[in-house]
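These are the structures, in structure tokens.
Heads up, the next two complexes both have chain A, just with different partners, chain B and then chain C.
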Partner chain A sequence: MNAGQNSARRIVASANPFIRDTVCISCRHRLTSSSSRRHAATAAATAQSSAPPSPPPSSTNSTHVPPVTTTNAIQKAYAVLAAPILSRPPLLTRELTSFEKAYYLYQKRLNERLALPFSRYFYYKKGTPGDEIWKRQVKSRKAAAKDIGVYSGYGDEAWNDEVLVGSKLAEPDEIIKALIKDAEGKSVVEDKAEAEEAEEKSQEEVAKEEMNKITIEKPMSRLTEADTTNNTKSLNRKLDRSLYLLIKNKDGRWRFPEDRVYGRENLHQAAERILVQSCGINMNTWLVGNHPVGHYIYNFPPPSKKSALPAGPNGGRLSTVQPNAMVPTSLTAGPKDVEEFGEKLFFMKGRIMAGQVELAKNEFGDQDFAWLSKDEIQQYVTERYWSSVRNVLADR
Partner chain B sequence: MALADVTTAFLRRVRPTGPAVFNLQSTCRYASSNTSPADAADLSSSPFQDSSACTPSEKITAFDPAARARALRKRGGRLPPSRYQYRPPRYDRGPLHPHQPPPPSDPASRLFEAGPFSLPRLEQTYHDTLASDFMTLSYTHFPPGESAHQKGARLRPWEGESPYYANRALRGPRGGDVLRLLRKPITFNNIPQLQGITVHSMVKGAVEDSAHLHVAGMVLQAITNVRAEAHATRKAVAAFGVRKDQHVSVTCDLKGEDMYHFLSKCVDVVLPKIKDWKGVKGSSGDSSGNIAFGLTSEDVALFPEIEVNYDMYPPKMIPGCHVIVHTTARDDRDARLLLSQIGLPFYGKFIN
Partner chain C sequence: MAGMKAPSTALLRAFSPLWRPQALPWTARGCVLQQQQAAPFSSTQRMEKKGRGAKTDMRITLIRYHLQHPLTPRPLRFSRTRALRHWTIHRAWRLYQRKLAEKRTLELERQYNSMAEACEALRLIDSNGLNAQDRERLGVPEPEMTGAKSDKDTGRLYRIAMRKDGIFNGAPIEYAKIQTETPSKDGWNHGWTK
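Entry: the complex of A and B
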């Protein structure tokens, strides 16, 4: 139960600065500061389990510091990396399922039966053109609602509220068509008499009507040009889904933009820096919260004689971490040699408000980028990476 | 009616209409909507799914129930009473009465209310974007071995020698008898969300002339899509010239779809149009997650439903109103975070 706590405390208290760097700054601060915030019960439990020969605590809120063993043996050390998951939230509502569409239409018709009649005199003054148009339209469609087809909620045939087989009334396209027709002042139902009248009209009359015609702007399509060309670089693709920024790194792997955490910077600062260094400053982004939303652990394979990478005395991978120019604390410390056994990647949640990725400004040697939805990401990344990321990404 | 008649009538209903029609019905999906690919992906493959095989027969396309009923009426017949002429009982006479009213969700019920009619955009945004962001924002990290600070018991036992203190209900907290709501750490199952909105308008003019109240009711109904309810004064106040039981205010309680539509209308259309509007006051709120703001009569006139026929409302009678947003947040800080995610700005000092 207390193993994790003890090891974290040991790392914090140890003199080796390299080991200290493997604990995040906020946790280190909490662990080194007085333990007055700790729950009394936990403190008592720790005291009993870790130091049996020590005298029992005099009071429950006494500050308990677990015994710190200063060992010079190098602990297992991992490279700590931050990876901002930059997303563009859905801009459009989702497409309704067929059941939802049919259900909403039926409810609208039921409402027509139950609602009080439309008070025409309140909305249209007598004798105004609006009043005349309203009367004409209601005569043809029988109901106040414009998007439910020809149906009257009152009278002998009000029971006939179900739509017949093959009717496409509930489709959004049909609803938009009906609403536009209504706004243009035409009746929703195509009257035979009206059609005959239109045929009999002289050319002058037709031209005159064309002049006076009200044109209603149609809503834009849910599909954009980027959708038709499947342009994964565009942020205008898949407007009803969340899109996430994926980057092809110099090894040719598709991952979220990532980099090591340098010096004394924290995950939030690292994520902000990584966005700037990998995608340029032409993006207006916001990182949601200071905490990571997920993590990914990768253990380096044990060193073999064939591998070119130098192996450390403990079987880890030896390398030199160069300071990052954007992190002043790492510059003062200078380059440092580390022996690492793997990497721990922490995902930070971010949102893009405006702008676009500029790969020319990339400092990590990344090759490509793409804005992808959740199901597409699965095809780009490795299975292990996907399993650590899948629950972080929104379904829509 | 003789027994023979009953059985023939019964048999006529039970007898299948014909094997061909029956087969077609069992394998085809007839609806007023297309099947979306998302539906198909969720289902395992079955003959029901194959809509290409569904070309409704002539008999089905020619079917017109209204015309059939008209012809039936002409001949002197009636619609089958079981389906079309059922009236639920006027009163609920208890669970033991043989004639039970249908549940309120049944369209035949007297209590049935139609709806919902749409899936509001704000609701979808909440579930897809805002909720998960809220959880991320309100997360507090405790390193291994640490835990959240636990407050002591708020109710005090009765201490003393009196025998009446034994088994007595606990005393309230010191310094006031109000037990405030406890805020629990936010996890996936207690993310704050919108619960309801109350739009309230107290009309001063209604003391003199009830016309003001009628107009206020119409305005509130128009902007909220909910029937307005008038409230009477409980006490007479001579200073305001108010007598007891005089109707001076109207409210609308919004829930679900109406609530989402109203709030997104406010945030997207009305509030941006208000001149020099600073936002919602940071000190607003009842310290248990409900936040209120006010709209003047000029602001109410900016609602699209009012704007479209502004002239039909009597001049200078459009009321101002209070909008009280109820959330499931346990304190005002969380409620404010939720509302600012939705797009309501706050200004001034934040008080919890």
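Entry: the complex of A and C
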């Protein structure tokens, strides 16, 4: 604790409101909260001094400041809800366009024209196995680079560095194939002499080769099993896109998981609680910020006689908000009767790093869940919901 | 690679201050200037061996021979049509990159605007989720009109949301996973438990 902070504390502690305005709100909050004090003695002293004068909050509410609107039995309200948008970030780089693939190959070959000659004796000592392998491989592919096909930046054919139309050389699959062949000690380019040699070999030679063969592990396919079966429950699907958690609620509507903000909790706490109450605790999640990233306002339509919901005297929906067991401040306040005219939904941004949704422990009666990319979400949700959500979600 | 023979000493001669090839491209002039130093790396060794003449370590000679090619940078010669093709490719690439960047900027802008609108809506609501327009429409008296002090809960969620508590403590370490070209063997960890 340094001198600057001490003087700031003094300003905060002083009663003069004009002086107090020189400290910004968030700093004032941090300085006045006793948890931020690092010295045990000061903490104890402040606790002693602050504890006696503050009576329990419920008693002050009931005695001194009776809420004005409680004179009417039922308050008019909008339901304030929080909805965490849980996303799985893309795990793979995006698919390259044909132009990008062609351009990268073009640049690699240009580099071959500009690079210095590969000085073999500097890297390989004469007569070593590495030297022999290098000699054999470079004879067929002509250049040091393994993924640009047969091309040399030197000699009479150096000008001919552009591949022909329809060449598959720039495809990532071909590059992987070439690199694996090279790692196995074979020449990258197919040549006839080798193929003929292979045919002439006796069985013993073939068996011996099999014994000495080096197997190189091939990379996994970018298309997973979940992609082929289109399993929307799996997080292995669409690995190069962001996936978002959508939940089918008890009314059969697809939405992000949502619930009311109860008692004195804030949006961040509400979002964390909703994740636990709707999807179970076995998800490694992280809520990115304290503020919402988007909102959705919906005015309830005027009640019709068919609807099962009780209609209020002013055309709203009557409902009793029961306290939530996980929010202590709502338990002390007790149930509350309100007439609701709509809902205001605030989206909170979250990420999932591991784990999966468990609907068995759901407390909201949700029926189903799906991990969907942005364009799929459009087909699941209503148009109005989509228009307020589309700008929140990332394109990829 | 035609004729991989033992290294010729022809290139070694390039390091001699007495002999210099005449046909150097203009782009290589800077490199030539660089090579015109009186002493190889440092003059200490030479000073020590004063009577016996200059003699460089063979390893240093080799490194210099292999890494300081006299023809750096190599000239890139294009025919007229080839140069035009190269220019076209280059312009197309710049255009494409620009479009990508614009798309990214617009996406960020959309996300920012949606965030700002949500925060504004949050700032205006009171404890019952009503803002001034809602109160007027539904006929709810303003807090000031009823004689009480203004509703302390107006914008409460907003004020809490604007606090930066714990924001600078850093992201969880799992968040630092970078994108790869091919997926991992195990795939997503569905069985993670708390």
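We take it that the second predicted complex is superposed on the first by the 305 of 396 C-alpha atoms of A that agree within 3 Å, B and C clash if a C-alpha of one lies under 4 Å from a C-alpha of the other, contacts with A are read in each partner's own complex, and residues count from 1 in each chain.
The criterion applied here is as follows: a residue touches a chain if its C-beta (ideal position, glycine included) is under 8 Å from a C-beta of that chain, and two chains touch if they have at least 3 such contacts.
All values reported here derive from a predicted model rather than from experimental measurement.
When the two complexes are overlaid on their common chain A, residue A:His291 makes contact with chain B and with chain C alike. Of the two partner chains, chain B is the only one that A:Ala170 touches; chain C does not reach it.
Looking at the shared chain after the overlay, A:Leu114 reaches both chain B and chain C.
With both structures placed on the common chain, the touch criterion links A:Gly155 to chain C but leaves chain B unconnected. By the touch criterion defined above, A:Ile281 lies against chain C but remains apart from chain B after alignment on the C-alpha atoms of chain A.
Touched residues of chain A were counted for both chain B and chain C, and C has more of them. Touch criterion met: A:Ala394 reaches chain B and chain C at once. By the touch criterion stated above, A:Ala271 is placed in contact with neither chain B nor chain C.
Of the two partner chains, chain C is the only one touched by A:Leu239; chain B is not.
Once chain A of one complex is fitted onto chain A of the other, the partner contacts of A:Thr224 are limited to chain C, with no touch recorded for chain B.
Once the two complexes are overlaid on chain A, the chain A residues touched by chain B in the first and by chain C in the second are 26, 30, 90, 93, 99-100, 110, 114-115, 122, 159, 289, 291, 293, 351, 394-395. Taken in their complex, chain C has these residues touching chain A: 1-2, 4, 6-7, 62-63, 66, 69, 72-74, 76, 79, 82, 85, 89, 92-93, 96, 103, 107, 110-111, 113-115, 117-119, 121-122, 125, 128-130, 134, 138-140, 143, 146-148, 157, 159-165, 167, 171-172, 174-175, 177, 179-185, 187-194.
Across the complex, chain B meets chain A through its residues 30-36, 38-39, 56, 60-61, 63-66, 69, 79, 84, 107, 112-119, 121, 124-125, 128-129, 132-133, 136-137, 139, 141, 143-150, 218, 309, 312.
Chain A meets chain B in the complex at residues 2, 4-5, 8, 26-27, 30-31, 37-39, 42, 46, 89-90, 93-102, 104-105, 107-108, 110-111, 114-115, 122-123, 125, 157, 159-160, 163-171, 242, 288-289, 291, 293, 349, 351, 394-396. Residues 25-26, 29-30, 65, 68-69, 75-80, 88, 90-93, 99-100, 103, 106, 110, 113-122, 135, 138-139, 142, 152, 154-155, 159, 162, 172, 219-222, 224, 234-236, 239-240, 261, 266-268, 281-284, 286, 289-295, 297, 314, 338, 341, 344, 346-347, 351, 353-356, 391-392, 394-395 of chain A touch chain C in their complex.
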